[in-house]
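Look for chain A in each of the two complexes below; its partner is chain B in the first and chain C in the second.
Showing the complex of A and B:
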């Protein structure tokens, strides 16, 4: 997809699709339920065995009595609360002495900034190794056929890693700042968390050590392991290891946040019940993890894209322009690939939140946080607009794209209509006079767009439209010559029309179903959308075999509007990430740990929308200032190697044959 | 004749004729088919496209962008009925404007073409246009400022949470009800099963219909003055309240909620709302002071029966509370 050999890269593209599917499918199908059912059984047996042991122990002479208590979340096979031996202290009743403050800002705000900055950087340094792994792998695969292109990929991966290295130290520093902020401002709460997560924190620290070790070997061994084929593969494998450790690190850190939001493994007094896995693996752990992995990829793609876009706009010569145009393309490709499944991971997370506490779900979607979700809807719409604008503008510089450019306006129209539906609020802000003119609180036409049936339909159509746009981009300069071209085109058309019809039908049907059944309709809707993504891409790529090219892509000719769209995407990602993080955390309202540790500080209030917006904007701007500094530091060591002009302008695989 | 000018005239004259002559035909004073006005709008758009294609006018992209934007404006301002509130209008127009921008900037060629007249106006190649634009701009800004600071006597709008998160439990007539697990007692049969599939189709069940009828009687004695005899929130007193009474026909109200949620809302009324839902602005009395517990449940039963909605249940989803593992 990003290199010369279409066939092998086509397979890679499919691999990428499948990799995303692997993350998502467990959440979308019943596998997760089956796993949970199995886990329930295991836990029930385990609990039973422990109970018997405990009884025996009690009956025996001189044995100390073990106190057993009920878990706040986990249940046994019969639906009764799981029991576990009390192994920790009860949650403290926090008082004024458990909180420290500064004069200049509320403690909660300071902690928020520290946390958010660390998360932004953490997200970036976790995403970059994923890119490097993919890009280096592509470089190795195309080396035999196109050494120039392979060198280009290798250089890109190496450059990204260099930036990541600086960002890595920065992340660690911000992590330290966060830790000290937490300990100094919320000592009482930190003591409780440390009591529960003590072993996890140590494992986390050790994993950090392992991550650093692998990272340094990976980066500093780059040149030494570059030439030998075997060593290069070993080097690439190191990136896989790096990503695995990074993922474990992230999941461990996630467990603290998910425990605070939806605790498990403790009793109602907050006493640890002896099973650390229960505490880690609370109900939101998996969806938050998947959502964050995808989010990291999108965020990282946005930042790399913005970095490349800046260099593209300020490039001094054609070669540099061509290079950074190409880097923009690679970054956007990865970001959009992460963006497409991201809403589904979000749905899964929300489903689990509702499952944990319906109240928490209502607070998010219909209650005090609902207006923030409206803002989120606007931001997501902007992302899709930005992505499509980039694709349209990128397509226009490909020879042969005139065949498809005429469809762009219809796609824009569809996007706008869907977006209108997507962000029409159920409760409209209006004056009494307007209310009177409308004849009631609900508008008889657009009022129907305020419920989930319409929203699901709109977002699925928007994603399907983006997928279609991407497929057209892929084939923009190709003259399809396979004998089954007509059949293939018919299949693609049928898949898209079928998916759209199914999505719309289910959307309308949802209005006639009880709410609990209506929720289930989102699964076939999502399946339709994913079918267009997987099957559409697969058929499309298969049709490129032996295709003729209308001409090479003109790297370095990307329009300014398309380039600015990348900045829009990057800033939107940053802001949106902060917004959703705030919502996820703030939904605990006046709890540190939901229903277990109450927040008794002076800051235990929910911010107004305006105040929250200001903080989010501050965080987004602050992190971008830091990114600029990090990129600048990274560029200090850059050696100005004159880029070797490849013969002919480099062309991504799908534009070639 | 200049083709751009012809295209412009086709738009302006066409709009004038359509709006003044044809629109009234499609919107007679007697209530007609609800989609009439939208059919009219599609006809107008079709007229524009066909005329431009037939006369091979090919207006410049800047003009096309303007047409597209104006069509959106015309639709949201004049065609969509009843008129939408200002906040929604602005939202829609921002979106439509973004869409128009995407349309004109879809490739560098069209964008360059779009910019051309703007640049020419600014640098002074189009002298008359420059004079008009730079004279009109301060006047427009002045008018906008005047409008913005002119005192308005309308009460300010406020963001209000319509479906607040309910408390975990509610105490009514001395008994505490956990909201997540409380069901309507009149919907539970002999086997203690919660009837969760369209009981209103089961109309021959006389016992069930008896409760529904009793609920209806209570509704018309107490509730319909505000919530309306069609349960659409348009009762005889409804127009004097802000916010207006809930519209139960709307798919976004009771259709999305558990019966226990309604039980809490009916029992506690406006004063029982949390702060984000502005309890001070709700006129609904706490009905626990006027109705018995079973009467409240019967009214709820009637509301679902009448509207055809089904109360939300969570039993059939994998989301049984706390049942993760």
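Showing the complex of A and C:
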């Protein structure tokens, strides 16, 4: 597996592809059905509420006691604003007494730090169980045919959970810090939020208890449930349960943030309209949830990768070096698999933002937040460079990779071209003299690369290139022997050339269409990219059947450049996650809850890009200092147990060296 | 962040580097103890001094704020760190120690360098802070129609124009609309010629029926389509003919965008407009502001000519109660002064008093302007000196540009108060003047302040 066993590569790849599909497909394809079902549901709810109202009117003094008001977001089946019974107080007009401050920093910055640190750790502790679930499952599946590898997987999953356990307590502490920060610095706003989300907050706390319980049984029961086959499956099932509870926890917490950005379930005065589900699943809830799950996987992969890379650099012997080199690869493999669909989840999120309020979307993409997206472009470019650099360096330790290494330089060239196009701004800030000299806000030549046609083309080509690089890495040490090898290669070549041609054609075609039609071209472009990912990977893996090996991957020979590429990826993931979180949150501008609760504090301004950048760097550095401490604490009880095959089980020849 | 507050990133970095100093000291002592022949006293002393110096410098960092912290960090602290690294390297080399700095330190420096470079990149980009818009503009004095239309232009575009960047005012209209002939970004209709179209549109068959028929209530906005007399009281037209006019169409478009959706610019088969209701959050324009925007839209295609404008001036508007949201004003007790809008027609004394400059500044030539919180305005002689000041980071090249920049972006240069021995407080001066001044008012103010100088004989 992952360099040693073909079948388990397939299992892991397919498992990840399926996992991604499970998360993405229902959300992206089922929107129409969901809307229809929703229309029926709200119609029924409204009819029921009216019935109740009528009954109360009859029972009472003839006058309905319930006041009805229009929802700020939800529509009924005719497209009119949904009405609901007023069940809460109006949003407060916050004044100076609703805010508290410290002298050393603005309250909003302090809250940002508290929130971001909690989110970083929360992301990590939600991601690790996903890894453990997959790794443990693969370990169980390969146990019969390769007990040494199975033991390695089991050890890896167990080690990750050990680190996660310390991080879990840390996350809870940071959650407490965040809660106190809200209560002490923004009491007026928190009171309103608590009034709306009261039941959700209690369910959240109870879910935390459930998460803790399952986590402790899962971790502390590891050794006891290891040997018996049935118990091992039960243990693996616990990881599924752990992930389910974790996902529910995250979605509940997401609802607070998405409500603040795009509220629903309340009227224009901020009064709760009696349906807590409406408040929870406002329009951004699903895309933010999917985006965060993928982001967590990427971020978790980055952390585990950096952890392993550090241990690789400090390894005392060949065995350790080989182990951590392998762990680096597994972590990067998972992170990159999470990274590839991430932009598509981002598209979905932005689409929903535009659907909620067009001016909010334009503020993001063409208003005051637009420069932050230029920074995001730079960061994504950095990520793709880091990922490709790691794969290129990693390929050199694979016997047989010489067949593909010659293509690396062309891929780097393509990445540089796309990266340059990707980060070219549409307009830049200029002095009037510069503006005059250039003949307008857009450069006559370079300006063409600043529009979405060029950018969609560039980013899709970068993703396609990364997929290609990964496929080459997968097959680097394999001599394909299936009878349909030529046909398979032709298909893969055709898919990639066809996808690239389609992406470029649509990109160029977009220049000849008006903006509102041009937007629609991104769908076939993304489809082309996804085709290379899914179809290319599927064909590639299918071709590994009965393949001959040029030799094992030389684990433990990773170059330092490759190792530092992992560090670069980890930093980039951390910084990018902070940046995107900031963008998503800051687009509310001077609103606590968009259009409902105005931020009347002295800190209601939106930071300059420079100030925000410094805070992002601080948050990224601060969280990594904490991660180092957590890893160090986790290592205090570490016992190094070499992976050993159980007695009486034959070890495959390739593992005996 | 306010200038009297700490720079969180650089305060944190100084703590990290102080910890690094202690680590290096421990590392050197450990190496000295493990190896024979090394001068523990000498090396321990050198690195002990480094550790103590870094600790003291970190303490000093916390006695500074913002800009001073950065100056100290880059002028002194970072060089001490580099010197420490150099001496540490000398220690390893001179004692032929093979295993040098551990990976955690290399990783730390790699991490810190990449992260700080990213922060540096963001500071290299254009900086623009966005302040919340004033809740509602109040008009000072009587306006001419030209000034009223200018007020509308400021609501749409803001008063501050940055070359190469889209200027967006409180109304946020340019996010989607364009205003010049032939310019179309495809998001929302181009508003060139909207005045002429407004009269024709109310007679169109499509207007009468789509997406809601005249006389029906558009549910999202709660406006009865095509019924100017059923518009909510605080925005209702109280002048002009008893029929639907072009002005009514423009007002309706602002208050009820879905009452009529221009073909090709709506959602769901052009039955839903993506535009927000302009009298509701987040824009929330008042009656006077809506009328000002209409005045601008009706006059913008004929510069200097205002015959097409049908909205009344605020002083002539029978429906103008002095505020857009009477209820809100009542709730707030009515004693809170709203933000102001100065047209430039007032005399300079009135303008300066209205804007509140005398509260903080001493301004020669302005009666009662004896404020002490900000610098004395002797800009005729001070501005040229400040532009040449090495600490000046603004973009002005002459006195007028400097004064304009100081009004619109007070934080671009913070004057040093020589009497107090420290800078005047940054962040105290409002950054909302761009929302309160018309272009003419700003020019007038800049002209005046650029000529301020100490009284003769002083």
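The rule is simple: the second predicted complex is superposed on the first by the 580 of 657 C-alpha atoms of A that agree within 3 Å, B and C clash if a C-alpha of one lies under 4 Å from a C-alpha of the other, contacts with A are read in each partner's own complex, and residues count from 1 in each chain.
Operating definition for what follows: contacts are C-beta pairs under 8 Å (C-beta built on N, C-alpha and C of every residue); 3 or more make two chains touch, one makes a residue touch a chain.
This structure is a prediction, so every number in the text was calculated from the model and none was measured.
Once chain A is used to superpose the two complexes, chain B occupies space that clashes with chain C.
Applying the stated contact rule after C-alpha superposition, one finds that A:412 touches chain B and leaves chain C untouched.
Of the two partner chains, chain B is the only one touched by A:392; chain C is not.
By the touch criterion defined above, A:268 lies against chain C but remains apart from chain B after alignment on the C-alpha atoms of chain A.
Applying the stated contact rule after C-alpha superposition, one finds that A:445 touches chain B and leaves chain C untouched. When the two structures are aligned on the shared chain, A:299 is found in touch with neither chain B nor chain C. Of the two partner chains placed around the shared chain by superposition, chain B and chain C are both touched by A:363. Contact with chain C, but none with chain B, is seen for A:615 once the two complexes are overlaid on the shared chain. In the superposition on chain A, A:251 makes contact with neither chain B nor chain C. By the touch criterion defined above, A:307 lies against neither chain B nor chain C after alignment on the C-alpha atoms of chain A. Residues 79, 81, 354, 357-359, 362-363, 366-368, 371, 427-432, 434-435, 441, 514-516, 609 of chain A lie in contact with chain B in one complex and with chain C in the other.
Only residues 70, 79-81, 93, 103-106, 109, 113, 268, 310, 313-314, 354, 357-359, 362-363, 366-368, 371, 374-375, 378-379, 427-432, 434-435, 441, 514-516, 564, 567-568, 571, 575, 589-591, 594-596, 598-599, 604-618, 620-622, 624-625, 628 of chain A touch chain C when the two sit together in their complex.
Residues of chain C touching chain A in their complex: 1-2, 4-9, 12-13, 16, 102-104, 106-107, 110-112, 114-116, 118-123, 125-133, 162-166, 168, 172, 175-176, 184-187, 219-220, 264-265, 268, 271-272, 274-276, 280-282, 331-332, 395, 431. Considering their complex, residues 33, 36, 39-40, 43, 72-75, 79, 81, 264, 278, 281-283, 351-352, 354-360, 362-363, 366-368, 370-371, 381, 385, 388-389, 392-393, 395-397, 405, 408-409, 412-413, 415-416, 419-420, 423-448, 450-451, 453, 511, 514-517, 519-520, 559-561, 609 of chain A touch chain B.
Residues 34, 80-88, 91-92, 95-96, 98-99, 102-103, 105-109, 111, 154-155, 157-168, 180, 196-198, 232-234, 238-239, 242-244, 246-247, 250-252, 255-258, 274, 276, 309-325 of chain B touch chain A in their complex.
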